[in-house]
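Below are two complexes that have chain A in common, paired first with chain B and then with chain C.
For the complex of A and B:
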């Protein structure tokens, strides 16, 4: 933005009520937790109005840092008196937030990132919209984040115990992780998952990459129909695939065998490989293979020395998709597999449905860490691939 | 310039057109060869199972296979007449069910027919045990006449070909049994007995691996013998065991011989056999293919008057389909509501912050489905995190904790969360192509904020909404895991019912029919998706 918007000190008639309103809103929660919402609103508004007045009208601007620290400490102390350790932490957070908020409103800092011509309503909408989006992001991430601390629960509960909220070390333990690593059932499930997923991935990546190269040739008869068939495992609901595979595989004696599960999972992973690899091949410069052929390389050499290195990022991320599909798959394995092929997700599924044990949360945490690793890898590969093809600076 | 008028030639002298066509053909074949292995793989491992499922939804060979004679005899019976089928049908059913019971197939048939009429299962189970009573009447009388009728060897000599009898006498345990062959002429003399004895002998040899020399024949063979002897005159017979047979013939024709009507025998086992409904059901379901499963899947059934709706109390699938539709629509709708602002924000932020926030969208996308489902189970429980927080804040009374799990609400919340990334990503990719200058231009022409959004920005973002909605709807309609865990009884989908029929009630035909209907809906949506978005344009992970 070429035009810089200056932060203008707002009049007290605006900043005091604005901050007081926020204080009242926060006061609702503190108030209800202590028994009276109305009192909370009232006290919160009064307190924040006073602090704003103090910051804007009494203290000079250079005292900002001092006042903000004072607010953090003050709120934290009050919190500790009312609610112990969690109160202390929450109070500190409140103090930090309002310290920042008082100056952000009072000195008009909220306008610096916006064009100067916006009306007050537009500014309000701008920030209101962000708060709304923030709430949706919270909805997206909270369930995953809640699982992580709960997996260190010392009790067999699925909720935060008072000890955990007090940050008492006795409330935390690695008990559920020990259960996971010590139980032969879970270990067997882990081994099965680690056996089935890589083999299925290997099959879908090898066949899928070949087919994707074939599909990206300029003249392919029945291209649409073939593509539709190859993508169909992704579109057909899993329960239908599972039902069909169960019927058919029991006819041909594959039901309840590793081969059956691997076959089924490879079929489910194929669409992902096809999609990512064909997407990579769209940007592939075909004159490179012609150049290689021109210089005497056979088709195999051309493929491994010229084409493969360039489409490798796409192949790997397709493979990761196929891997996670198999690693994460429950429905098909329940029907196609038997007790010997119990995978990690299957074990979690039975755990959730029948005997609820918090070991599931430990497994979930491990899986979240794994998926963060996979996500990072895929993102890095995508950027590298785009950089190789010169599509974006990354 | 004489060459100018002829066809253009390639370097090797062939016409260029043909040469090019050949090159093109080689290219096509090479492409197909690259695709072929995968195509074959998918056809075998995925398309064949789906085809198998479609086949099973109409397949109904079990009735005709288990009761071949009965279904044939029933063909001429008129179900409208409210009369029982004649004695021939009962006789055919006697022999069919007898052999089915020996093969232990009568219970399978019973449970198959039980899907159409309750009570059939127990009826067949009882009959499998009870049919011996009919035959024993004859067996006992023959035995009283001559103890040999209860011994295996006379029967072998009477019915078997001499070569087979000789081979059987030489047979020792461990060796393969000689294949059974009927003695010449016995099939003309005693047709029914020959048929039943052949069935018995083959069954004993193949299924039990025993020698018919050591096993006394089934009571059904004695019944057949009575029927044959009553019809035939054996005074001229002089084959093996002629005396014994002639004596039996004389006894059967004598007035004091006790007989049982098959119909009375069936009635003895269970009065239900005297209800025309049972026979009507067998007759309706005797063809090898049936629409019965599909009718069942839409709460209908075959009646003598044609196809009709089931009783009000028995209609569950219409309700389930409606619920699946309703909940999938709710989930799609809440996904649109939540995804639109987020996608808008991501598309309008600078690249760096957008990429950072995108991680928050992709993290759930990459996290295991079961992790997210278990997280929601933890959050939504009555003793769970959300309720605890609300109670702590004082918004909810401890005694009146919210019920958010094991109902529709739980399923909708959890599935909205799980499917939200599938809505955000297509919306984002459409919105990031909308030039921001359009909205600015609209505003500079005097449009209000709302008009500029509603008339300029929103119409351009509709393709993203469409793509995301179809994707989410397709995924939602076939979901199984999440409804199973957080749905309780009121929040389950049609897919849960399919799984139930496969693994618990074992009504595979109905499961296949329900799956076929669901598949049809999904394929229509897929076709629409392909038309709107194009399957090549599916993007993964942003």
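For the complex of A and C:
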């Protein structure tokens, strides 16, 4: 940034209440964990106000390093007294953060990365916005992160045992993973999911792309109505589609067959493909197909050589959605499938209802890791192809 | 038009193929069994399904863990004319409902089930557990209370009324989100004599009295809807005591080594067993009957008790109950029917609950929502 903003030492009347408020906020969590949120807020605010006063009014500025280390050690020791090893680590982290925070606020360092002309309100919003985004991120991700260590639990409960909290190896085990890989039921469910989802995705992508291309032609009659019908599986409550499919498929002999489940999932996936492909077709230049026809290419050649490569991103993301829909789906498969077509979500659902077994957490962990891997691969491939085509500046 | 024709043709082909395949066997060679999942289903698999499959080569079986919604699903199957289940494990109350609605097949117990080794007819051997003409009992289970041994001090509870004694045993309690057992316990601890409980419960004042007693601990109760929740809550130390099925508590204590104790006082006995769906094709019915005859004989029901702490429904099985298959501990003292545990028991009153279930359920749910 071109303009350097000077850090200005803030008056105590600002820094003490600001840091105390943050201390009170942190106190909510510590206090709740120890039994009294109110007491936590109160003690947190008092403690941090005192430390700010100490840092800003009593000790000279060159003692900063000393005080920050003292805070890390002090918080870590208190944490260890209250909560053992995890308390020590958490306390150290708290001490490190607040040691930095006291000086960041007290000496006005928070202004140095911002342009000097911002008002106090704008500065507050700048950081408030980031804290808010961070909080949303934490709320979204924490439930997933909590599952990961719990899946290594040595006991058959969804509980952090004292051994686990002490980082005692005896508290951890791979038995739930062994359970997953060793049980024929789970393996059958995994096989079913891996069989049904790709086939359903393939059907959704083929039919959905064709439908999107057809419906984007201006001369097709009843476009709106057809579009609405094709998209309806996404809008109609799942349970209603499922019940309808159950009775219809029962009568034509498709209930309880792989074909039935695949068709049902394909119907659920088609709307996603239609929507993403229609969106990419909006930016598609129709004169290109006319030019291809002019050069003597038939409609099929035109589609594969000209149109398809250009709308491919839409097709792929639609296919990804269709795949996830099928892979995650539990309501329709319970109706349309029978015991032989139990998929992973179905198995997880019954497992969670009948016995709360951490095997589900092991499966969830595996799925999370696989999903992250898949999405990363797709994103990397996309960036690479964009770079190759020179579409992206990066 | 063309699509319909194709569909019809392919359906006809499938049916024809299935018919041709089944022809000549007399018995179908696969079964879909419906059960509850978890340790209970595993005990059925080990005690009678695996031995049966070993005796009959070429037969396969599939489990569907759908007993919890068996009534609704059987209704749907019946309406769709497409029965995909061969044998369904349900609680006695559900068996009575299914039988009344004509969704389960009536059974002649003496003719279709094996007699006891000493020649006692099946109906006498099963005795009171045959609560419906469609019901083939397997086990006796009970809804009872477990408590955290480390949270109750030096005087562990011995009476069901400890549930309502928040002074001696402070802390949360886990109770079923249905009135069954809760209202009986409430009246018993409100001073109603055990023999009078169902008389009192059949009046409006009696029902209000039970809810008023439950009201005294309402703010201390965590309500569960799946039986697995109570062992989890006890293991977490979230609750000091809670009701669940005795087999779940046994698993948490004996197999998981949790600090939990059993309070057998005023346990609510109930039965669980098979029903055969009405309208099975002949070959599948023949297979199911063959399996049932084997799976409910005296030895098989006694074998099941080696895997789970539920009592066999046959009187002749009780003396054959042995050791736990993995832990090697004597199983008889862990049965709800063991004399030491059965000093004070309720037996679920199916007729009473059939008559009053809707009323009491509605009142209970309204009270919960207050």
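What we mean here is this: the second predicted complex is superposed on the first by the 279 of 394 C-alpha atoms of A that agree within 3 Å, B and C clash if a C-alpha of one lies under 4 Å from a C-alpha of the other, contacts with A are read in each partner's own complex, and residues count from 1 in each chain.
We take it that contacts are C-beta pairs under 8 Å (C-beta built on N, C-alpha and C of every residue); 3 or more make two chains touch, one makes a residue touch a chain.
The structure presented is a predicted model; accordingly, all values stated were derived computationally and were not measured.
**Student:** After lining up the shared chain so the two structures overlap, which partner does A:253 touch, if you call chain B first and chain C second: first, second, both or neither?
**Tutor:** Only chain C is touched by A:253; chain B is not.
**Student:** Check the residue A:354 against both partner chains and state whether it touches chain B (first), chain C (second), both, or neither.
**Tutor:** Once the two structures are laid over each other on A, A:354 reaches chain C alone.
**Student:** Would you check which partner chain A:185 touches, where first means chain B only, second means chain C only, and both and neither mean what they say?
**Tutor:** A:185: touches chain C, not chain B.
**Student:** Is A:220 touching anything from chain B or chain C once the two structures are fitted on A? First, second, both or neither.
**Tutor:** Only chain B is touched by A:220; chain C is not.
**Student:** Touching A:156, do we find chain B (first), chain C (second), both, or neither?
**Tutor:** After superposing on A, A:156 lies in contact with chain C but is clear of chain B.
**Student:** Of the two partner chains, chain B (first) and chain C (second), which one does A:47 touch, if any: first, second, both, or neither?
**Tutor:** neither
**Student:** Using the touch criterion from the header, give the chain among chain B and chain C with more contacted residues in chain A.
**Tutor:** Of chain B and chain C, more residues of chain A lie in contact with B.
**Student:** Could you tell me if A:333 is touching chain B, chain C, both of them or neither one (first, second, both, neither)?
**Tutor:** In the superposed model, A:333 contacts neither chain B nor chain C.
**Student:** Once the two structures are fitted together, what part of chain A is touched by chain B and by chain C alike?
**Tutor:** Looking at chain A, the two contact sets intersect at 157-159, 243, 246-247, 251, 353.
**Student:** Which of the residues in chain C end up touching chain A in this complex?
**Tutor:** Going by the criterion above, the answer is residues 7-8, 10-11, 14-15, 32, 36-39, 62-66, 68, 76-77, 79-82, 84, 226, 228-229, 231-232, 235-236, 255-256.
**Student:** Tell me, which parts of chain A touch chain B in their complex?
**Tutor:** 29, 32-35, 37, 122, 125, 129-130, 132-133, 136-137, 139-144, 146-147, 150, 157-160, 203, 207-208, 210-211, 213-215, 217-221, 226-233, 235-249, 251, 263-264, 266-267, 270, 272, 275-276, 278-279, 317, 321, 324, 327-328, 330-331, 335, 345, 348-349, 352-353, 360-361, 364, 367-368, 371-372, 374-375, 378-379, 382
**Student:** Which part of chain B faces chain A closely enough to touch in the complex?
**Tutor:** 24, 27-28, 30-35, 37-39, 41-43, 45-53, 56, 338, 341-342, 345, 357, 359-364, 366-379, 381, 383-385, 388, 392-395, 417, 420-421, 449, 474-475, 477-481, 484-485, 495, 498-499, 502-503, 508, 511-512, 515, 518-519, 522-523, 526, 530, 535-536, 538-542
**Student:** Per the contact definition, I'd like the list of chain A residues that touch chain C in the complex.
**Tutor:** Going through chain A, the ones touching chain C are 155-159, 185, 243, 246-247, 250-253, 255-256, 338-340, 342, 350-351, 353-357.
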